[in-house]
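Pasting the structures in now, so scroll down.
Below, subunit A partners subunit B and then partners subunit C, in two separate complexes.
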Partner chain A sequence: MKEVELDCNGEACPIPLVKAENKLKEMEIGDVLIVQIDHSCAMKNVPEWARKEGHNVEIEEIDDGEWEIIIEKVK
Partner chain B sequence: MDIKKNKYYKLWLKDAWPYITGAVLLSLFQIVTLATTGNPWGVSGVLATWGAWMYEAVGGSVDKWYYFASEGAQKSLEGGLINHGGSIRNIGIIIGALIATLLSSGFKIKKLKSWKQVVAAVLGGLLMGYGARIGFGCNIGALFSGIASLSLSGWVYAVFLFLGAIFGSKLLVKYFM
Partner chain C sequence: MDEPKTTGIQRSSTRTKRVRKKKKSQLPYGIAILLLAVIFGILLGTKNSGMPIFWITGLAFGYILQRSRFCFTASMRDPFLTGSTSVTRAVLTAFAITTIGFAAIKYGAFVKGLPIPGQSYVVPISFATAAGAFMFGVGMVIAGGCASGTLMRVGEGFTMQILSLFFFIIGSLWGAHDFGWWKLNVILKGKAVFLPDVFGWIGAVLIQLLIIALLWIAADKWEHREKLVKN
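Moving on to the complex of A and B:
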């Protein structure tokens, strides 16, 4: 089980989403992907996509306008 | 009590509103706009007026330009910013967005990640501005208000907006991934 960080700060939609999708595809079940974002609309579409795919999702607020979306790949 | 833990602070100010709430509010306010001003909601037409003002400020004249030839256009150019409802509305949108961001403590000045972003933003802005004026409307004036006015042109706009978005997404993946 490993943890991968994906720096998407400074990237606008839909780039964080596409990057997260591509990254998660390469990962194994049980791995954790941490997507760092500072674009509020990625706060909506990245967790929405990950939850729809059935993964475990948690959102952490790092600072004003900065978040980490923590996705555990479950399938 | 810590306001950050307050249920209503989270619900109304902190978390994003559902799309459906936004849609209903936009519909209501565009009805108010049409009823009070007599014109459907538009955004980018105002920017053309701002451009004309800037051009006039440096000594230019748009009197002979076809786009500003109508009496109404001349009147709003002469009336100035304070008498231009569309300008006030656009400024209100910017200030409102800022207030919403501050209230959710989501304000951050973002760093540029690459010069590619600058090139893409400038190119995109030029294309959108040019397209919106040559087509007499942007995605608000032509699409949103067009469809709200039961105009067929709004739906035609929607179809080509989707085609453009597909093409744009391909470019985005090619150059930014």
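Moving on to the complex of A and C:
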């Protein structure tokens, strides 16, 4: 199992989503992707997209206004 | 909160051991700001009786926008990017509610024989509408937010969008500078349509709600079509 961190701090809304989408494509099933974001909008659309794709998703607020979205690639 | 929040997903040990920084309570700041907001509202009231209403609606709008993560940009972008239309449908629902609200305000003035408020916003449809919408659409996706979204995120402290706000102001000034030309050469060539003049008050509201409902259904279908293709 691999764990990949994707630093998207300072990136505005659609960019974290597009980056996460591309990164996840390269990864194997069972790998975990951690997307670090500080744009509140991405906290909505990244998990929504990942859940829709059927992956396991968790959100953790690591600091005020900074979140980690943890995505486990399922399929 | 002693232990980090870990549930389903197994993460490597180095990361799960990290302790979350203990947060300082922000409640005193919140109460102080609320008090300041009330005092400022009262001060505004002494200058002009209409101002506190603007102050309260402005604060309420900002609060709802931020807490609900309501994003007009996402409503237009996500259907294409992720196939998700939840925000699109939220915006359509908001349009439906405001349709009824504004119709009620306007009709209220109309039956009393008063001038209908907001009629100066009934402007002709023209090529300028499409050109402006296209430019605004490109701009807001690049800038990461529309007007309200940019303001909200500047308030949240997202530094990149302070830059957006700066150029948003420059763009608005530029637009205002050129507006005379657009108005003279493009906008005035179109025809202004006020729906109640054409369909009557009830008809206008019903037709607008019907169009919104059709868009809502289309958005819902679009989201589920994606699922059908994938599974």
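Convention: the second predicted complex is superposed on the first by the 75 of 75 C-alpha atoms of A that agree within 3 Å, B and C clash if a C-alpha of one lies under 4 Å from a C-alpha of the other, contacts with A are read in each partner's own complex, and residues count from 1 in each chain.
Everything that follows uses one rule, which is that contacts are C-beta pairs under 8 Å (C-beta built on N, C-alpha and C of every residue); 3 or more make two chains touch, one makes a residue touch a chain.
Quick caveat: nothing in here was measured; it's all calculated off a predicted structure.
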Three-chain arrangement built on subunit A, subunit B and subunit C clash or fit:
clash
After lining up the shared chain so the two structures overlap, which partner does A:Ser40 touch, if you call subunit B first and subunit C second: first, second, both or neither?
both
Please work out whether A:Glu3 is in contact with subunit B alone, subunit C alone, both, or neither, and reply first, second, both or neither.
second
Which superposed partner A:Glu66 touches (first subunit B, second subunit C, both, neither)
first
In the overlaid three-chain picture, which partner chain does A:Val18 touch, first (subunit B) or second (subunit C), both, or neither?
both
Quick check for you: in the superposed arrangement, does A:Trp49 touch first (subunit B), second (subunit C), both or neither?
second
Among the partners subunit B and subunit C, which is in contact with a greater number of residues of subunit A?
C
Going by the contact rule set out at the top, does A:Val32 touch subunit B (first), subunit C (second), both, or neither?
second
Please identify the positions on subunit A that touch both subunit B and subunit C, taking each partner from its own complex.
10-11, 14-15, 18, 38-40, 43-44, 63-65
Of all residues in subunit A, which touch subunit B in the complex?
9-11, 14-15, 18-19, 22, 38-40, 43-44, 63-66
Touching residues of subunit C toward subunit A in the complex: what are they?
4-12, 15, 20-21, 23, 66, 69, 71, 73-74, 77-78, 81-84, 86-87, 141, 143-145, 149, 153, 156-161, 164, 226-227, 230
Under the definition above, what is the set of subunit B residues touching subunit A in their complex?
16, 101, 105-108, 110-113, 117, 169, 172-173, 176-177
Subunit A to subunit C touching residues, read off their complex
1, 3, 10-15, 17-18, 32, 34, 38-41, 43-45, 48-49, 52-53, 56, 58, 60, 62-65, 70, 72
